[in-house]
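Working notes, structure below.
So that you can tell them apart, the chains are marked A, B, C and D in the order they are listed, and the count of residues begins at 1 in each.
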Amino acid sequence: MLYDVSIDGRKYRLDLSQADGQWFCRLNGIDLEVDAILARPDVLSLRIANRAYEIKAEHVAAELHLWVGSARFAAEVYDPRSLRGRGRAADDRGPIKITAAMPGKVVRVLAKEGDQVAPGSGIAVVEAMKMQNEIKSPKKGILQKILITEGAAVNAGDVLAIVE
Amino acid sequence: MLYDVSIDGRKYRLDLSQADGQWFCRLNGIDLEVDAILARPDVLSLRIANRAYEIKAEHVAAELHLWVGSARFAAEVYDPRSLRGRGRAADDRGPIKITAAMPGKVVRVLAKEGDQVAPGSGIAVVEAMKMQNEIKSPKKGILQKILITEGAAVNAGDVLAIVE
Amino acid sequence: MFKKILIANRGEIAVRVIRACHEMGIAAVAVYSEVDRASLHVRKADEAYPIGAAPAAESYLKISKILDVAKRSGADAIHPGYGFLSENSGFAQACADAGVKFIGPTASAMQAMGSKTRARQAMEKAGVPFVPGTSHGLESYEEASAAAAKIGYPIMLKAAAGGGGKGMRLVSGLADLKSALDAARSEAERSFGDREVYIEKAIVNPRHIEMQILADEHGRTVYLGERECSLQRRHQKVMEEAPSPIVDPGMRRRMGEVAVRVAQAAGYTNAGTVEFLVDQQKHFYFLEMNTRLQVEHPITEIVTGLDLVHLQIRIAMGEKLPFKQDDVTIRGHAIECRIYAEDPDNNYFPSPGKITLLLAPSGPGIRRDSGMYEGWTVPIDYDPLLAKLIGYGTDRDQAIACLIRALNEYFVGGIKTNISLFRRILRDSEYRAARLDTGFLDRLLERTKIKAPDSDAADVAAIAAGIFASLGVASGPARTGAGKPSGGQDSSKWKATSRREALY
Amino acid sequence: MFKKILIANRGEIAVRVIRACHEMGIAAVAVYSEVDRASLHVRKADEAYPIGAAPAAESYLKISKILDVAKRSGADAIHPGYGFLSENSGFAQACADAGVKFIGPTASAMQAMGSKTRARQAMEKAGVPFVPGTSHGLESYEEASAAAAKIGYPIMLKAAAGGGGKGMRLVSGLADLKSALDAARSEAERSFGDREVYIEKAIVNPRHIEMQILADEHGRTVYLGERECSLQRRHQKVMEEAPSPIVDPGMRRRMGEVAVRVAQAAGYTNAGTVEFLVDQQKHFYFLEMNTRLQVEHPITEIVTGLDLVHLQIRIAMGEKLPFKQDDVTIRGHAIECRIYAEDPDNNYFPSPGKITLLLAPSGPGIRRDSGMYEGWTVPIDYDPLLAKLIGYGTDRDQAIACLIRALNEYFVGGIKTNISLFRRILRDSEYRAARLDTGFLDRLLERTKIKAPDSDAADVAAIAAGIFASLGVASGPARTGAGKPSGGQDSSKWKATSRREALY
């Protein structure tokens, strides 16, 4: 199985297969001696050439984070045979969804549909645990849609607005 | 939903339903104020008239054990509208499967198919962690089938033999 | 003997008190708000009663509801934990009126310590050291300069009617006094309609050190040693240790004796904490008294070998303290990390949500007091303290080593926590040299955090990502826990990641 | 300074040593057999090497394979844990020959203690008390009766060539001596071809108490107090406590000084334990020396505030002991429960299998050293010790209370454990009165266990059974963990239960 992997934006080509409990692994053209056991659904005990690692997988909204020891990495995995959905993550073009990073309550909406926004422009204020957090636009553009109203409860990952 | 429940052989008729997060519960004709949250897949936080209980579910081979605090109960749940499968557990008639209580290795087979066996007759010896355990017939009858051979590895719940 | 105790709290402290009850053969009654039905303290209690909506004002702060549960459940006593109603003298009085024992001081002792002016009067009589100052308004520049000379610079000008930093000026020498005095007076006038200001000695880079005391209802009061609480962010303690690295046996005895005098002057009973500011010459000054169990009580338990909650309950039952001052010994070193649901990469903003994976440390030198579990959703409505991790050892270095090891084992998936902050602190050379003051943490956080680009670890993550994907077993946040059935959809997230398109 | 240590062990002790390595900034190398790939010590190590098939003789006892890993990984030292190669002097010597430091005593010290006769000679020279006896064969009935009169009844006749109880007779008085001597002689003749028998004083209902020592490589040896290990089943320790309820400071000093003499007579270095039998008059007699870290070392760590594994490593690095005998203090009380995978309802037969649910206790007064995790399958090939739960408190009663609370929180689903046995022991009135001896546990287990019919709890279970069924979320043993993908089939078990028919 061939994968295109992105780790904190760094690209890898990974060829991985398993037979009789043995793994075959080639990372960016280099063969590695790999052995893995899924200790629990999100915990991987990984050995690479006798070095041992415990990897934790974490799903936050639509993102996948992998923890190697105490270092966290944003990970993306693609099937390179698929033509779609690759290489656009770091792209600034196209509409962007602004999502809530945590559950909370919308205290104020700071912009309206059709507004011109700059990177860092405030879109809304969300309160959780008695602290307020301003949700900002990640890029320059036009506020295409606002999907929340004041007083609404939001969950982590909910789309709050779309910037065109 | 109506259930016939057996707890350590003691029979209950339980009428249970849930609406809007509220439970309705009638046990053997008595209405009870019940509230339950599944804290984890096998852990139930249960309140009955403000008394709080933590119930753990445990599946050992085909059996279900429920732990109320540190007391363990063998539990069976039936749908009484089904005509099958009820009230025969304590029955001595009919063939009985003899299963392995733990994983191990068959060291010796002590009987052969067609043998007359009495309650307590040895059927096989299974070894685990350097200790040997004799598997005995639970009832009088004829050894209909032996499904193991010496040296075989068995898992918990594996059927070792059937007594007719 | 109490047969049943109601715990008027939630989270880790409710669990901690329930455990003490069970150890003493006492039934524990939990109360919970609407969003806390699945909380750990409800799972662990013998009885549990709903007391209302999520906002604390409608549940955990609602005296009538809590007393109603006490009555219905037949509880003999109420333990308030910390926060919520724990320092509310009205609640203590209401308990007394309802014939339920409040596990803490009497309402009048709480009032005596609650009012700053009453407390100061009582403390002055008891010979308790305060930050030197004029404690009355300054009539003139001449009076001010004389007083400042006597106290010694740097000094702080403070508005008598003040608060919130208004009308306050730090003055480092005589040259600045005149203009600062004028500015402070006019700011005080504008802010409070009262231009009166007074002088207090400015404590530069103070330490915050507190002394634990216990007083029974038969007149015996003892001190159990100090806790170093200088590591604070926004005036909130983050990490505490016992003993303080700068307190020697002589200083401990002096501080302890002052703390005992403070408690006795207030007619104090049960567990309490006397807070001090300590300057760089190790002079200590009374700050205030906390009339309850502290969050950080476990570190005192470890270095003294005593159980403070057991002792609180025994004192409330009318027992005499089972030991004398001379029996109290301090041995070893203990450090507490307050594990909060907050995001270190986003200015420590609270981060509630569902805990999808929890790997908790244990083993030698570790105590863990926790209110969380895997599958639980941290509610957004309360203080984000999830758990306390306490490391201990023969000495401070060993306690630090143990904590770092345990923090590396600790993993809380699905929400953000401040675990990484503690690793940073514990590895900091200033921290390891015990050069602590209340500004330490702000200075540490101001320093740019350099994320070492660890390309080896990134390679490992790349391989792990592929293996997770090929096993098809990773799971979304809804996999397990509280109220939601598991199973069936575990691989969907991976598909979402590998197949998503557009809009990104 | 060691940079890397290989741990030649598995299970909880391997995890415990890995933790100590990490605390000291030392990389930890694990070795594992085929069935241990998913074991916790492999997850927690920095490097992990397979060393062969499941049988210990092909892996954990294979000296050549372990030394090969030491060489390949570049380890400076090897920690043997307990069991396996830990008391194998050939292994210690092989390490020395390979230039890898063995963390333990020298091969020659191990040999000195390993041979009973050499040990006895060395010990007699050092003035160590043995069980009184003739220590040579008896020529005649007259000699036997004279010797017995001198030693005092009851006495034990033992075959000089003997072992395994053959040729042994307990004699309670002179009247029985003649017939017992004849019987013992002829049984010894038949069993060993040698009719020589000797006399030893019979210790009735002895206690088993051991003394921890530490010796550095610079000539300093200290004792760290005793452990009461009288609770045994089939000569296996089940539960230990420190200090012993019958040892006062004077007796501790006498036993400790004997233990130090034993160690010094053997040229002993690193951690070791001297075992004693103690009779009802508190006379103690040397039994043997264990030349390794003991399973039960944590209780000594808690009451002394020291970390034995850190100290073992520091001693092996050539450091001097950082304290003197007078600095060692005993404070509080600690009790250890050995959590085994065994079935209390089936004569404590081992019960390996998959752990489907694990709820582990924590909080005040609890230390947990564990080698298991949820989802792990306990292999059938090794000692069934899963974890150690240690409770501690200001005194013995509090340690007991804490342990009972924690045992009630402990839940290991999917396999059988002996957790219920500890609850029984801790609630036993003889145990609570500390009337312990090596026969205690057998007597307790002989008493019929009356299962109180708890109909209230049964009613609760009935309701829970229905709720689990209606939520449809219960799961079979294959739900999570090591190698198996989760999901999809979670409700099948319930269906199996509710729909099964026939054949039962």
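As a working rule, a residue touches a chain if its C-beta (ideal position, glycine included) is under 8 Å from a C-beta of that chain, and two chains touch if they have at least 3 such contacts.
None of these values were measured; they are calculated from a predicted model.
Of all the chains, the one whose CA centre sits at the greatest distance from that of subunit B is C.
Note on interfaces B-D and B-C: more C-beta pairs are in contact across B-D.
Averaged Cα coordinates give subunit B a centre that lies 34 Å from the centre of subunit D. Note: centroid distance subunit B to subunit C, computed from Cα atoms, is 48 Å.
Per-chain CA centroids place subunit C at a distance of 40 Å from subunit D.
Look at where the CA atoms of subunit A average out and do the same for subunit B: the two points lie 45 Å apart.
Residue positions 38, 40-41, 43 of subunit B are each in touch with at least two other chains. For subunit C, residues that reach two or more other chains under the stated contact definition are 44, 408, 471, 473, 475, 485-486, 490. Those residues of subunit B whose C-beta lies close enough to touch subunit D in the complex are 1, 3, 5, 7-8, 10, 12, 14, 16-18, 23, 25, 27, 32, 34, 36, 38, 40-44, 46, 48, 53, 55-60, 62, 64, 66-71, 73, 75-79, 82, 84-85, 88-89, 94-97, 101-105, 128-131, 133, 156, 162. Put simply, subunit D touches subunit A in their complex at residues 30, 37-38, 42-49, 72-73, 373-376, 480-486.
Subunit C contributes residues 15-16, 19-20, 22-25, 44, 298, 301, 305-307, 309-310, 329, 331-332, 360, 362-370, 393-394, 398, 401-402, 404-405, 408-409, 471-473, 475, 485-491 to its touches with subunit D in the complex.
In the complex of the two chains, the subunit A residues touching subunit D come out as 35, 37-41, 43, 45, 47, 50-52, 54.
Within the complex formed with subunit A, the residues of subunit C that make contact are 341, 343, 346, 349-353, 356-357, 359, 380-384, 407-408, 411, 413-416, 419-420, 423, 454-455, 457-471, 473-477, 479, 490, 493-494, 496-504.
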